[in-house]
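You will see chain A twice below: alongside chain B first, and alongside chain C after that.
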Partner chain A sequence: MHPITRLMCTSILAVLSPLTWANDANAQARHQWHEGIANGYEALSSETADLNMAARKYCNAPAPDSRKLLEAAWLDAFLAWQRVRFVDFGPVENNNLSWQFQFWPDPKNLIARKAAYLIGNDEPITPQVISQSGVAVQGFPMMEYLLFDQQLNAGDHALPAARTCELLTNVARHAKSNSDELMDGWQAFRPHYLETDQYHDTTIRAGMAALEILEERRLAQPMGLRGNGKRNPYITDAWRSGNTLMTVEATVDGLRQFFLPGLATLLEAMGKSDLATRIRKQFSEVQQNFPGAHLPMATALNEEDQFRVLQSLYVDISQLATLVNDQAAVALGVVRGFNSSDGD
Partner chain B sequence: MTSMFRPAPLALTVTALLTAGCANHPWSAEDSQPATKASVVNHYADLAHANYEDALTTARALDEATDRLIANPTEANLAAAKEAWLAARVPYQQTEVFRFGNAIVDDWEGQLNAWPLDEGLIDYVKADGYQHELGNAGATANIIASDSINVGGETLDVSSLSPSLLADLNEVGGSEANVATGYHAVEFLLWGQDLHGFESGSGERPVTDYARGADCTNGNCERRGEFLDAVTDLLVSDLEWMVAQWAPGAGDNYRAQLTAADANEGVQKMLFGMGSLSLGELAGERMKVALEANSYEDEHDCFSDNTHNSHYYNGQGIQNVYTGTYRRVDGSLVTGPSLSDLVQQSNPELDARLNNQLDASMEALALMKARAESSENPMAFDTMIAPGNAEGTRIVNGAIMALVAQTGSIEQAARDLGIEALSPDDAGHAF
Partner chain C sequence: MLLNRRALVKASLAGGISVGLTGCSLLPGKASGQPDSYVGAVGLPDGSFGVSAFDRSGSILWQTPVETRCHSGCNRPGMGETVFFERRPGWSFYVFDATAGTRKHRVGAKAGEHFVGHGIFSTDGRWLYVTASRYEKGEGIIAVYDAEQDYRRTDTFDLNGIGPHELTLHPDGETLVIGLGGILTHPDYDRMKLNLETMDPALLLMDRHSGNIVGRFKPPHHQQSARHVSVSNSGRVYVAYQYQGPLYETPPLLARLEKGTLREYRFDEDTQIALANYIASVVAHPENDLVAAASPVGGTAIVFRGSTGELVNRVSIADCAGIQALAGGDFLVSSGRGKLVQLGAATPARELADLPVHWDHHLV
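Up next, the complex of A and B:
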């Protein structure tokens, strides 16, 4: 062995004892993450169960009240999904559950095309048809389309038309069944997650990727801060119902509840309590934008005084992303990998 | 029941090899080996130059073939122009690996290869078979049928169709789907809208769309010819510009900047280009979205049904960069110091694995190509992604999984070569 190599290996041995201590923190962080995400998945499961019931009730007895309850149930369930959306590993990868919950973005309006096809033919819409119809049909954006799309609502197929109700109730049932599968899968995944060191980096990278997507694709791009500079509400989440910024708030809230505790544990174990405190503080800075920032994206993009509200939110989220993705990740030795948002 | 495949995760996790550095540290003994980071980056520029030269040569052949079609619109000349277009795609798709990481390419390529496009901007479309981008005010402008178009309240004079006007019209109204230029605009002008959906068959534009006088179909044949002439001329001049950027011996082009900079930056660009094309773009945007949503709107070469080749040659480009080899359109081989040589020096096991994975993904893409080009019962990409097509799903998923697997090793190679960050921002602003 070359002297320099021997020296390097000795220096690795010299830092082993703090590493052992850090291992306890690693284990603790993974426990915190597992439990937090389990809570998030439980909420998703319970909200989609409510949504499923609300869809059934409305389609059995359509009335303004039951419609209002249904729309609220859709939003609650979608926000529950937004809180756990950052988890891009584990059971949510099975059968592509993540894309089934939310096919996004949809620049070519595939959802409208799929809905028109399913509503327009004579074949009964069964759970099996939903299973075979692809991710554009299977989740929250399809239900949002059926509930809120202006063009659809102005036509003959507007809810509670029979075929549209059939599609809505079957998609709601599909989402409920997927969220149950996800929750059960997450519990079964527990021992493997806790035992496997690799999930330390995987979980941190999941939070990093979620912040990057939030900053770049969910805010900067629609705001026209990237590419050709055009403001475009249609590439945001939930533009049809005007709830885009509530979904942003929910994603940040989910990261704060389910991701931050484990991250802070790791930083504190490394003597980086200051950084942990700054990250916590930045999460509350972002949250202070709400409820002021609860405005439809189209309004925020079209009216200059409202655009300032959006800019302030964007700046706070960028700062959060910098703290987590640059400073914390570097401190924890986590390197960004390729992810699905690479490319154009 | 739905097929129970398990799509590969797109967010990769790679085990940190914390202890692997002791025996095979990447710094050790590097200087005694023939390949250095500097020589590898230099050869990468050679590869890019040869590849763009081929793209230019084949684009010139396409330009000449379309000129003949415009002058003499016969079935034979339309077929020859289509053949020339297909041939031009072979080198161009291999260059896409240079796109991510080299901002100069990424900023330029929209004018050549933007997709998907709202073809109603260019020419007539069948209304009920046409789904355009949400909020695109130019989606049905039909430049060929108009002397002036109005996009989002702005009126533009399009009475005289020149290459520079078409370049100005690209992304008119701020929509990326407003593609007036590049390979896919030419593809649409040769093939026309593909109205077959998931069924077999591509676009069926009649050659009489270019006929003179009373034989002209769908109106404005002369204008259509002018558009095709201008758009192919622009393609050639755009490629001339990019060839010059990579040419050796010039003091002030991109190649000079790249090779003068820290070689680590060049190596990072190479790896970033490979990984981004492999995972996010090819496996993700171009295959997984199309497959999982059963969306032929997300098909790459949708008018000509040549998507399998676009994917295949994208994959080939990734392998080219790693191995430092490129088979030119004249059959000659370009070779030189490669990333593979560098990784081999520090981690032969990783190098062997990544080479095997690159071979495996090329096999998976070759299967897709072979199935699409099969003489009996061919299955094009848009048929593979149809709901319930188990065989097609298997083929596309096989390619996706192979690309995902190789991307994991690309990340590992980056670490092995001491490249710490693969962030696209660093890649875009390094110069």
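Up next, the complex of A and C:
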């Protein structure tokens, strides 16, 4: 080869290789995301299967031990959901599956009203009834209400009352069926996800949205840092069972496990390894400094020393959101817009 | 949506508090006798909402706060009033003095109804037609208000369908052109779409006096939500869809009404992908054959010829949504990042202004 030709080829390669590299990184990131989310959905499916069994066992033979196991199974399954909650695209959009798993927030207390209606009438509570009862009935918050609501537990309909058990077991079955549908749907979605370039931005936006919701709606608002300034535990996740902070922790953990690897791949391919490292470090910071996750939100909001702990968590998550939503997203050219993320 | 506070505060600090015109002294005027100011619903850096008007020199004429996020509006012909509608589920619309921006009326939705963000006046400026929903039953309606009686509600027209959105007035002055999105929502369930499997969208034509539906035209796919509409001066009706199926499918998103059917425009694959199954607004230019459409999801605005479907311009504008026809044949496109961009067939897109606001979907 003539030197000039060789030189030209080298130049062309020099121009092409970053592009090729970027395309490889995009493909690799999507593979990582798909696989990670598949693992998350598999865990959700497995945990909801356990929850379904635990609900049946308890209602067949109510006892303190089986109740304890049921409550633990509910929490494990709900936390498995929290880990994949950031995924707002793909099969989880079908039939509003995301809303079915978790109807939230519930400012009108529809969950309690729907439960009272279903428990209070004489019609058998069947899988069909659950399917037709709307998202406030169909997921984890309804089961939490049946297991943990103080008012319900103090009355005649407290578990293991027959109607309440009927509702609980059918909702558990519904969640199990939805989890299986989601897992199967995610596998069937694989070729589309890997082949369609737009899912690159979609996935990054999903992680960004989850962090923004975490920072603003799951922490800042209940902490009274927005709006009327009043602290309000009742707009948090899992307030009835006192597990709010565990759900926050699980969401962060899910993002770290299933979202971060693909994001880091993209940043590193762009020569932004420093930023990837800082994001990894910030995830660790959040998790290492996490306040006692068993601290109920009501306590954290009411007691000033605990509130300070919550403030530290908020600052940690806020810093994480800044790194991902501002710096990484800007570096990757991904925008969450006023109109694009919530238009009409 | 949750406003991204960090980005917004930074943007507003960087942008100052007035309109920053970039590289020109005057914004172009609007086409065909429209008022010489531009009005849009905005999100503000502190997370609050307003309606904002600016003139051709780029000065803010007024910016009036509103309680919740508004969506679109309309000018009352000859009366110096501008009306803006809260976005879905909208519980009020607001009547502003178009010159001073003072709020003259706040009109609440009737019990059991909510507005969806759009309305249009009759040409004499008396009757205001507003798309709305009876949300318990999911029934789409046109609510009619008499502007001469302080916007008293005078009539209701049934649409026999779910989810009306934008409406406009045909140049015949008698026919309302209505986008029926087909999506069922209920305020108890936030903005959740409750009937994606059974949607039944349509483009509707309605006699504005009797409320009789004189035309109902359905897109080929039941998930092509027919939400935005425009009519050219010659009476050609355009409709824009938001496709509710998966992103890896790229069906047509725009159509014109021709010989009793919806004739769809399909652009090249790259353009279809760039539009991301979502059109936020469509505007037919009153001076020529051009039509503009904007997709904030795809960050893409296009201009095409209405008669042939020939794509004549496509530009990337992050979060673009609002469109206004300009005198001379071009369009003005607004974005959720405060940009105003001039776009036409002959010249490259030109950024005219960068403001510290989020422009909502429509520019009036």
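By definition in this document, the second predicted complex is superposed on the first by the 316 of 344 C-alpha atoms of A that agree within 3 Å, B and C clash if a C-alpha of one lies under 4 Å from a C-alpha of the other, contacts with A are read in each partner's own complex, and residues count from 1 in each chain.
One rule holds for everything that comes next: a contact is a pair of C-beta atoms (placed from the backbone, for glycine too) under 8 Å apart; a residue touches a chain by one contact, two chains touch by 3 or more.
Worth saying up front: this structure is predicted, and the values here are computed from it rather than measured.
Undergrad: For A:T322 in the superposed arrangement: first (chain B), second (chain C), both or neither?
TA: second
Undergrad: Which of the two partners, first being chain B and second being chain C, lies in contact with A:N96: first, second, both, or neither?
TA: Both chain B and chain C are touched by A:N96.
Undergrad: Of the two partner chains, chain B (first) and chain C (second), which one does A:E195 touch, if any: first, second, both, or neither?
TA: second
Undergrad: With both complexes overlaid on chain A, does A:L110 touch chain B (first), chain C (second), both or neither?
TA: both
Undergrad: On the A-aligned overlay, A:Q132 touches which partner chain: chain B = first, chain C = second, or both, or neither?
TA: In the superposition, A:Q132 touches chain B alone.
Undergrad: So, A:V335: does it touch chain B (first), chain C (second), both, or neither?
TA: Both chain B and chain C are touched by A:V335.
Undergrad: A:I213 contacts which: chain B (first), chain C (second), both, neither?
TA: After superposing on A, A:I213 lies in contact with chain C but is clear of chain B.
Undergrad: Between chain B and chain C, point out the one touching more chain A residues.
TA: The partner with more contacted residues on chain A is B.
Undergrad: Does any part of chain A touch chain B in one structure and chain C in the other, and if so which residues?
TA: The overlap between the chain B and chain C interfaces on chain A comprises residues 89, 93, 95-96, 99, 103, 108, 110, 134-135, 197-199, 202, 335-344.
Undergrad: How about chain B: which of its residues touch chain A in the complex?
TA: 1-2, 4, 6-7, 9-16, 19, 21-23, 25, 28, 100, 106, 116, 131-135, 171, 173-177, 275-281, 284-285, 292-295, 297-298, 387-388, 407, 410-411, 415, 420-424
Undergrad: How about chain C: which of its residues touch chain A in the complex?
TA: Against chain A, chain C makes touches at 1-7, 43, 47, 71, 87-88, 116-117, 165, 188-189, 191-194, 196-197, 227, 246-248, 273, 276, 278, 280, 296-297, 299, 318-321, 335-337, 358-361.
Undergrad: For the complex, give me every residue of chain A touching chain B.
TA: For this pair, the touching residues of chain A are 2, 5, 8-9, 12, 88-89, 93-96, 99, 103, 106-110, 112-113, 128, 131-136, 197-199, 201-202, 205-206, 209, 224, 227-230, 232-234, 333, 335-344.
Undergrad: If you look only at chain A, which of its residues touch chain C in the complex?
TA: 89-90, 93, 95-96, 99, 103, 108, 110, 134-135, 192, 195-199, 202, 212-213, 216-217, 226, 322, 325-326, 335-344
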